[in-house]
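One chain, subunit A, links the two complexes that follow: it is found with subunit B in the first and with subunit C in the second.
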Partner chain A sequence: MHFLLRRAIFYLIAAWAAITTNFILPRLMPGGPVEAVMARHEGQLSDQAVNALHIAFGLDPNASMWSEYVEYWRNLFTGNLGLSFTYFPTPVSTVIAHALPWTLVLLGVVTLVEWILGTFAGIVVGWRRGTWVDAVLPLGAFLRGIPHFWMGLVIVTVFAVTLDWFPVSGGYSSDLLPNVSVPFVGSVLYHAVLPALAMVVGSLATHMLSMRNMMVTTLSEDYVLVAEAKGLHRRRVMLSYGARNAILPNVAGFALQLGFVVSGALLVEKVFSYPGIGYVLFQAVHNQDYPLLQGILLITTFTVLIASFLADLAFFALDPRTREA
Partner chain B sequence: MSTDWTARPSATPADADAVLEIRGLRVDYGAGAHAIHAVNGVDLTLHRGEVLGVAGESGSGKSTLAYAASRLLRPPGRTVAGEVTYYPAGAGRQEPGIDVLALPPERLRKFRWTELSVVFQAAMSSLNPVLNVATQLTDALEAHRPGMTRRQCLARARELLELVNIDVARLSAYPHQLSGGQRQRIMIAMALVLEPEVIIMDEPTTSLDVVVQREILARVMELRARLDCSVIFITHDLSLLAEIADTIAVMYAGKVVEIAPAEVLCQTPSHPYSAGLLSSFPSLHGPHRTLVGIPGLPPDPRALPAGCPFHPRCGEAVAACSRDVPALFALGQRHQAACLVREAAAHAELNATDSRQASPSLPGRAER
Partner chain C sequence: MINAVQRIAAVVGVLLLLGACTAKTNPDANPGVTVKVAGAASGPFVRGYNPLLLGAANGAGYSTQSIYEPLLQEDFAKGVTRPWLAESFRWGDGGKSLTVELRKDVTWSDGQPLTGEDVAFTFELLRKFPGLNTNGYPLAGAEAPGPNTAQIRFTEPSYQLMWWRTTPVPKHLWKEVKDPVTYANKNPVGTGPYRLKSFTSQVITLEKNPGYWQKGLPAVKTVRYIAFDSSSSMIAALQAGEVDWIGATGVDAAAVAKLDPKSIGYWNTKPNPAVVMVIPNHSVYPLNLPEVRQAMSLALDRTVISKIGTGGQNAPVESPTGLDVESRADLLAPAYADLRYGSADPAGAKRLLTGAGFTMGPDGVFRTPKGAKLSLTMLLPTNNPFGDFVRASKVMVKQWAAAGIEVKVKTEQQSAWREDTELGTFDLTMRPNGGTPAVYDFFNRIFSQELLVEPGKRTQRNYERYKNPEAGPLLKLYASSAARSAGEREALAGLQKLMVEDVPVIPLMFTAGLGLWRTDRVTGFPSESNPYAVPLPNSVNSEIVLTKLRPVRSP
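This part shows the complex of A and B:
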């Protein structure tokens, strides 16, 4: 348990550092958010309005940095992340709460599916190293090299525009009301197919290649030879001796990727106008919506930390060597 | 399934009590003109209850021989010729042997560990780091004795740890929690789990310090006697073999250059290389003496010298040695060596005793 306790302390410190950075960053930027808003209104803002903006951002020139920092923490604990410009006057927390489920469902499922499929394919391809199966390696390297958004464009062109099998954009059919009903859920799944496909193809190849390479390295270990000499069943040698050891780096890769699920697949969501966090993030950047950007940054940071912690737990379960020291 | 796959019609052992017969075994690394002939035509017979020592420098092909005989050779290694025949215990002499090199995959899997197990050289890396000792001791039982319950398997694992003097509590330990000596003893326990007829030990104690080495060897020999299995013991340490082996085969450049009962080989080695090996190790019990190394380096297997591969390093080489490849010739009842000089001398002696007239000319290889 000692190991887990130390990790937990590490993550608390990391979370504090991330939150503090998130607080300091806007204050270090030249110009800053208020100037950006002023520029948008071409300077036609009264001094009162400018002052009000400063206070709204928590950038009150009369308040001390320290009192702002305390205020910032208080807001954080009450879930007050400020108001979004883009969706003014909706609070940032509400905007994120609306976009997050879309991204979590789409990317969560996609990440899980591509990791499981990719890892399993890697195990099999690695096990059959040196046979005709190795022919998938150049194909895998090619698919891994294709950016997701470009794959998205190709997929939209082929399956949505030319063949008209799937919708071009959106998260659900516009003539349905969001509720838990069969037509609505069906529509959501229908709309998710293409964006999911755009992301799965490349990442699956990435996981497959890394797993395959680790598998080949592991299979040359002495203990795998011992397992073969013992006349164990092939599946046992492949899974308990090969894959069980080879999977550790892939678990780390999975956790890292899981952390970025919440930040959304910005470009893919943009290509498909998918109502997830990535799309909101794009809007926020486009509109210089500082409160929204900060909110998304914060959420992303937390999920990366949580995902890393999950990876640590997985290592703890999978590798007995991490359990002491 | 019929036994067509494995039965060799002519396969009755040349020796009545042979358990493993290796005939004309050749192993190459790589293919074509650049192939390295790591094992270059080896004949060996392991007798029931015997400890057969195989000695040689690194690169002599002794480990490759063991891997090839147990079908564990990995690419680019390939067995290109030869036969390995196993004669199961209890089978009558009429019973055909099992052609190990021709076993189909599932038969091979069943053959492994139940009939022939291996103790590998690298104790530190031979255990799976993510499985505990109990799992690694019992998974062979689960694979080969499907009828055994979990409880029975664990009881057997406990018994084995006691055999090799390891605390039973270590069953739940992981490899990284064990010392090198403990790991090696667990590897030995693992090899005994199904009580196979043949155990191949590939330098089982090389990575250990001398004290642990002695202790483990004593235990191995004690267990061997108790379980009555046959052992092929591979090492570079000839003086160690002198103590534990019944028969010793000395390998050089992929060939057996001398084979003899242990005491014969250690007291009156015939091949200059065997003599060199013996004088380069301190004896564990014998009197102090000056150690002499063998000059030069083991030959490059990609470019073996013509004639006898040992001749560039041999103090007794004559002209014929760089021209003719020596073959094994009989020096005594169970003593063979492959040396042109010794063969000539033996012939001379024979002729002298036969006809009281010496003829010191070297015999050509054509004789054999």
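This part shows the complex of A and C:
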């Protein structure tokens, strides 16, 4: 149990550091939320608006960073994330609650699918090393090198604009109201195909390549040779002797990638105008919306922390050495 | 591996089928009944319709502007206001009292009539809650002396205030609101041509307000505002026919129109008289010398900068007063009515500098009387929604070089640039100014002596730190003069004289506003030949455009 206890302490410290960074980082940017609103209305507003905005946002220009920090912690413990400046006076929790499910569903499913497919493909390709299957390697390396948003632009141009097979943008048809009905759910799935495709193509290759390389390394170990010499079934050697040992780095990779589910989809969401959290984050940064930024970063950090904690647990189950440490 | 591919193919196939089904169950098979609008790249919508809050319209995709209406509508093409909810108004008490007469036939979308009480109540809200007073009105109070009359009192002469921008809210609903500053107003009741039907983070549906005061309007029964994250995805949707009217920024409209020349139309206009100016920092030597600023202005060819530097998107400023010669003809001082910028005059610029004691160096760059090289740095934002400043600066730098003035361009991220211009830590920069129908506001931003601060202190006006004892009294005279009065004429003549002779700032070009639309479902968008409103779906004029649209009859 030592291992888990040590990890728990580590996560507490990491959480404190992350929460504090979330507070400090936005405030290090030049300008401020009021200046950002003024910028959005360049030339249209009288400078009196600065005063009005300070009052409306509840910002005290003379408050010290420390008193804001204390207030920030107090709000965190009471679950109060504050009002968003960009979407004033909507609470941050409402803004996030509207946008997050889209990202979670799209990216959650995509991440899981690409990880499972990529890892499985990597096992097979690694097992058949040195055969014609190796031809997928340069292709994989090429696909991995293409940025998701660029892949998105190509996909939109080809499949949506030119061929007109799929819609150009959005999360569902603008003619439908959200409800649990066949047309609506169908529309959601239909709209999710292209953004999902844009992300799957590249990441699938990444997982496949790393799994394949670990697989090749593991398969050259003596115990695999022994297993084969014992005459074990090929599948048992491939999965229990090879894959089980080779999969550890990929599990860690998966945990890290889960954290990027929230933040990493920004460009893809922007290309497809997908109603997710990535673009809300972009807006929050652009408008120096401290409460919204803190809210989204908080969720991002916690996803990363929880995901890596789960990865630790998976290690614990997969790797007997961690249990003895 | 092959199995996996087959499985993906099967899944995609099923999704395609589902999608095909949904496309056929489209309830809007009848074209022209619905118009789809993308106001701006605002991201997912958030339900908030408080029209008194600054910037709240952005969260609801600018649909607020079809629900709530201003007291006067701004006619950007002519630079004036026209009667809207207010039929007429008159100033009294030396500009300290404003009496507004409302139309008698206006009702809120819940059936209650719009009254003087509503207007007085709204201005009282602004007075009681400074967080709502975004125009900084010096309010003393507001009353309703008659059923359709409101009287607003100010603490100082306020002829030049843009009081009409405040949209009245219904007193019978808002008097219950405890804190109007944090009130989201999720179910808006307004006077506009449309009312809210349904709201999701991706689509806002508005339906015709049957009691709208412009009888018989609007012809288009349903308007959908659709959320977009970027100009590029708006354009793709326009091309694919998924949206009818977009407010994209920083795009080449002619190239977009070529994608579908039969259906896509556009109008690239000066949506308001906002002027992009080169701002010299007067606290930096030698920019404090008028001859240097005059020479820099003389060396520029604004037509070439507009054509090559902005691809024709931003129209050049013609009058050295900085005013638009088309919409402001009546406000130009008689002495400058026919004065126009010429093409670049590097020889004239050199003469000015030589006359001021500058000497030409061996490298073709002037030396200041103090012996230093006449080399300046222009600080620009890497990107700006109001024009591609960096691209324009490449042309300008060459024109200045021909006159012996060396200018180097340094770019900064937008908020850092904003901070530096406000703090006055720059030699030269470019910024838009104006953007309101009030010429007083335009000149106040340039000349304000009250907000003349030392570099290092933040300001929102007079970024150039121009100091002139004449400017303050002229602005004061302007503020306390009624429209078209002798006082206004005197103030305008004085301020324009300072603009032309002293060149505190160097007017360059107008900000660009671009509307792009499709005409296969609806027609009647404003254009160069019919400029009844600005073609931007995110402007206060959007309600006018929506009421003028006509469905195209299907063959």
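The criterion applied here is as follows: the second predicted complex is superposed on the first by the 277 of 325 C-alpha atoms of A that agree within 3 Å, B and C clash if a C-alpha of one lies under 4 Å from a C-alpha of the other, contacts with A are read in each partner's own complex, and residues count from 1 in each chain.
One rule holds for everything that comes next: contacts are C-beta pairs under 8 Å (C-beta built on N, C-alpha and C of every residue); 3 or more make two chains touch, one makes a residue touch a chain.
Not measured: the values here are computed from a predicted model.
By the touch criterion defined above, A:E221 lies against subunit B but remains apart from subunit C after alignment on the C-alpha atoms of chain A. Within the superposed three-chain model, A:G170 lies in touch with subunit C and out of touch with subunit B [touch as defined at top].
When subunit B and subunit C are set side by side, the one touching more residues of subunit A is C.
When the two structures are aligned on the shared chain, A:D289 is found in touch with neither subunit B nor subunit C. When the two complexes are overlaid on their common chain A, residue A:E114 makes contact with neither subunit B nor subunit C. Look at A:D312: by the touch rule set out above, it reaches neither subunit B nor subunit C. By the touch criterion given at the top, residues 70, 72, 74-75, 108-114, 117-118, 120, 122, 125-132, 139-140, 143-144, 174, 176, 187, 190 of subunit B touch subunit A in their complex. On the side of subunit A, the complex with subunit C involves touching residues 29-31, 35-53, 55-56, 83-84, 86-90, 94-95, 98-99, 117, 120-121, 124-125, 133, 153, 156-157, 160-161, 164-178, 182-187, 189-190, 193, 269-276, 279-280, 282-283, 288.
For subunit A in complex with subunit B, the residues that touch the partner chain are 130, 220-223, 225-234, 236, 240-241, 244-245, 318-321.
Listed in rising order, the residues of subunit C touching subunit A in the complex are 1, 4, 12, 15-16, 18-19, 21-23, 25-28, 36, 42-44, 46-48, 50, 53-56, 58-59, 130-136, 162, 181-184, 198, 200-203, 224, 226-230, 232-234, 236-237, 239-240, 242, 272, 274, 385-386, 413-416, 418-419, 422, 431-436, 441, 445, 451, 459-461, 511.
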